[in-house]
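Each of the two complexes below includes chain A, the first together with chain B, the second together with chain C.
Now for the complex of A and B:
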């Protein structure tokens, strides 16, 4: 095979039951037009005799089971076009079961624990129920989710390769964008009547870094941060424990100071103890002229911003 | 060239050196900056979570302040840029959401007439002047300096993204004469937006990038966002604490890097204000060997 007509793939191999560490197996595959990564994996097994562990059911971007990393980018193997040189590895943030197959159960468990179903308390007004497409517009883009957890596999706020969100003292690590899309589908639905603020606080939604990485990699193009995580952060901000209230404190800070006054926000968000623990850093900032003791917006600016806050009230 | 200058909150507080360097740089290349005083915060990533309408209204007020002077906006923070750009896109739609915003703005006393163009200074430099016109300003090429560019996530993804911003940053680093070290990978984030709520997780996020900077022998990092700068510079000690090893990687604002290449003295662009010493950059052997026009010092703002 000449270089133009072949695909060279290095495939991650690891069986935790028998291997001390991972290795990479190189395969050469004849190139076909419109060849997908999944075709390369199939060829490796069927024609090269590689006993590779990988997973898929539908092959048409529906089942969400074939996520892999290709050259560092998380994708669906069934949909991603094969390129001449590929390193194919398992998704991140999940333990490897074998080779390219990862254990998604920590994310799936988190999804189930957060009640991914409409919770109705009042009796149905009628049948069919009187609501229109406008009522469900907020949740509509989320319905395309195929639960592949590709987004969660690359989220920098998820706690790492040990295996998705763990629970400690009742509070989970950040549950990841994939789970939050499932919850947003119902939490933002007009017929859902469950107060989800406490469970979202416990799901550490306040740990989302707003980096939009999940949106960038979502195979079906869901605006995950804007349409799922941000609105849920708004719900969690009013939660009973107050641990996700930062956006409200931030808004209050802007209402008071017009510009952000980071010193008072730092103390408000973390408390005096944390401020004391950060004393060396804060003193260093003071010495280098990096702190502003008092913000001084004009009276006019204060009035204008206050008017915006009032006019924006729902 | 005249622009309405929106520095954002951070460049007026904990990263004032970004403001100093921007003003120096603008004067050097002939850009007049009309600062939008009292423009207030763009809402960062917080206000949109609790009240998206308010988020758009805060940004629409800033857009109006520039539009009232018939000026386009120059930003120096990727997050401010993203928020203003997202709002300007919303305000150019024909939608119920836009009409509702206009009504509320009117109630708040904001007469929204037109939507000014909003660009990051990096984009303005390349769009308006370009490499050919900028090149003669490089009187002190930063040859041999290994720079790891760090564009904020908001500059290239999300609803306010400016396509091509990462490439633009790399081009400007190259223009300065420095060498681009491609340290940043797509899943990197500096963690700024959770610094207030989970310092350890934020430190872990920035430590990943900082560790790779050390491994790849970058002399410094350059950012286009004072927020990333805050996480990577002011909080670098915390990242070192999480990683259990020293990094000591200087972090420059893009405006500082360009100003250095354009002949600015380090102190007038606030290189002494950083938490991680920038002495290794300012005294980089190859840079010191180059001539600096002493006349250029007068462009500096008083400290």
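Now for the complex of A and C:
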């Protein structure tokens, strides 16, 4: 864009206390060099006199508070470049407080409930502790997380705008990728010694569908699925109820059989008793050709599947 | 330690305080933080990463430019996980004082728009050193001098507010990134640091140009002043920071800022980054006893940057915080809950409520009034000051107070996240603090550190090795001057400000 061009933005306005429906306010803003979405919002207030409700504090991708949707994509307003035509709306999966400001508290509570602190059992010796950069290589990318919850706002496994993860019968709704990055930071730290398997199992980590949408929108480029969720799944799979085991067993099943082998998947994920109870269904699947007694993959198919798994491994 | 005491504060700091804070940093701060899980950057052999000239004294967690965020977040989680009650996104509007003793605060919850009172046996004010009082500032959106304003209005002594630190090398654009600092001190694993270039693209400053001088921030500003006078730079931009002499791997591996340059399309191996000057922190603040962090108001403590001892390190802030917390706890154990002032709560509630009014047709939003205040401070109270410019600033602020403030109103009277409302309170605080800062600056008839008066362009160690103290009085502001603790005395009684070797 050149300096003479203008930016047209339609900004979401809604006050639950007084408005029946949201509306959109149009502003025209002269383009400035390197302009961000946040600069457009500031201009709307300071120059156009729009009394807009929007949240930010730092402007330089540290506070993580300026998440919005721009043309349907969740972004940080301070990081995203302003484009000629923008529709700016609040993040999803969170209730609107007013205009672009959303209530993030359900995700923040979920993070705190999952013990986001390093827990040592062995006494701390002295500074600096003897470990190397290589020892923290797996968690190093996670340290850039600024808890903006942009990832959680777009996660299809998180429950809808009624208010983020809830707890029912001891089990939470899926807590979302943002919370899991925060937990992974400490759970995968070389000095952490707390067994988090039960709490992760209860946090419904098995609901993650590995769709990678969280990684696509992360403003700091964290490999969320491979470096946080997958390793935590491994932790959760050791949980007492065994409910988080299915995704891991499913992946292992595909890797071994180059197909879905339902019989062994039922046995490994649910145990013999559950598998026996499911026998009629299994037989029905066999009859209808939905599964096979023995997979016969070609060598090429085996190579291709193996390559996919190797590429996905952190 | 000596470098901080002599040069970091232009000989106004108390070296005994700095010695204690340095010891705390090494003996308590780093071990405690690491124990809690803070990753302080190491190399593949396990050695702490440092810059070459400072040995182990300079470390990062985990990259240059991000450490503070990591530390604050770690501590915030600790507090939340311990279920300590926290009021988020809540603005304290006033200190409540009865018979000279602080007995609580009033506050406004910005999310829900509720006004409430918190009673207290002790109050710790920790609003930080940075204040967004000029058009370009490193302070965050909410930092508008509120802590200073509240303390001053409540009757606390203020000290050295004129000692305002400026950054010469913060990114020029986009505007929202003005807080992105291009550090002038050496980078990790090298003794190299940023170079400054003029409009002609020639390098005019690097750290090695004057080996005797220890403080790169002072130096950058002095050299920039020369370039501005030559027409080769402008205070609002027109000069550049360059990393073209530094190995790109160092930038990639250790600098938080590098991702920003790349995001804008700069190739730091050959491109220069447009820079501009920015207000940073205030060395002065609420006058404190640096052994207890007690202020001159009973029951009020001011640790960290909003105190008066002129340091900007998160490790020092942590030291201050532990002192203040110990004192406040001790006080709380031994006194009964003080009574609230009879009419103080109601008066403050009425003041806050008055601001929840819809803007008139010709009125400005609070954010627009704040922008005017910042423009005055930028134009008149920048790095280069003089009596005439400061007097003009006072006149212009008086006009804003008299003409714009009464007509100021909000875009909506909603109580839900009505940031206009808190900004209306900010506007009042900013005017009070800016006027006080100017008046204190007019008192100091010399130049020192970041404080540069073109009409007094020399460091006067005979007359001005002392603190400026201000307090509210019936007749306006009352000033007093108290000697600094000069353990490290400067060599010369009078020094030329622009060439002095510190």
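Following the convention adopted for this analysis, the second predicted complex is superposed on the first by the 244 of 314 C-alpha atoms of A that agree within 3 Å, B and C clash if a C-alpha of one lies under 4 Å from a C-alpha of the other, contacts with A are read in each partner's own complex, and residues count from 1 in each chain.
FYI, a residue touches a chain if its C-beta (ideal position, glycine included) is under 8 Å from a C-beta of that chain, and two chains touch if they have at least 3 such contacts.
These numbers were taken from a predicted model, which means no experiment stands behind them.
Student: Examine A:87 and indicate which partner it touches, taking first as chain B and second as chain C; both and neither are also allowed.
Tutor: In the superposition, A:87 touches no partner, neither chain B nor chain C.
Student: Can A:194 be said to touch chain B (first), chain C (second), both, or neither?
Tutor: neither
Student: One more residue to check, A:308. First (chain B), second (chain C), both or neither?
Tutor: first
Student: Let me test your reading of the model: by the given contact rule, A:138 touches which partner, first (chain B), second (chain C), both or neither?
Tutor: neither
Student: Mind working out whether A:212 is in touch with chain B, chain C, both or neither, as first, second, both or neither?
Tutor: first
Student: Between chain B and chain C, whom does A:258 touch in the aligned arrangement: first, second, both, or neither?
Tutor: Once the two structures are laid over each other on A, A:258 reaches chain B alone.
Student: Just to be sure I follow: which residues of chain A are touched by chain B in one complex and then by chain C in the other one?
Tutor: Comparing the two interfaces on chain A, one with chain B and one with chain C, no residues are shared.
Student: For the complex, which residues does chain A have touching chain B?
Tutor: 72-73, 92, 154-157, 174, 204, 206-213, 215-216, 223, 225-226, 230-231, 233-234, 237, 244, 246-248, 250-251, 254, 258-262, 265-266, 269-270, 274, 280-281, 284-285, 288-292, 297-298, 300-301, 304-305, 307-312, 314
Student: Please name which positions on chain B make contact with chain A in the complex.
Tutor: Residues 9-10, 12-16, 37-38, 40-41, 43-54, 57-58, 61, 104-105, 107-110, 153-154, 157-159, 161, 185-189, 191-194, 196-199, 201-202, 205, 208, 234-235, 237-238, 272-275, 303.
Student: Which stretch or stretches of chain A touch chain C in the complex?
Tutor: Listed in rising order, the residues are 15-18, 32-36, 38-39, 42, 45-46, 49-63, 78-79, 97-99, 101, 103, 111-112, 115-118, 120, 124, 126-134, 136, 139-140, 143-144, 146-147, 185-186, 189, 191-192, 220.
Student: Spell out the part of chain C that touches chain A in their complex, as residue ranges.
Tutor: Those in contact with chain A are residues 30-31, 34-37, 39-46, 48, 62, 66, 69-70, 73, 77-78, 80-81, 111, 140-142, 173-180, 259-260, 263-264, 359, 364-365, 367-368, 371, 410-412, 414-420.
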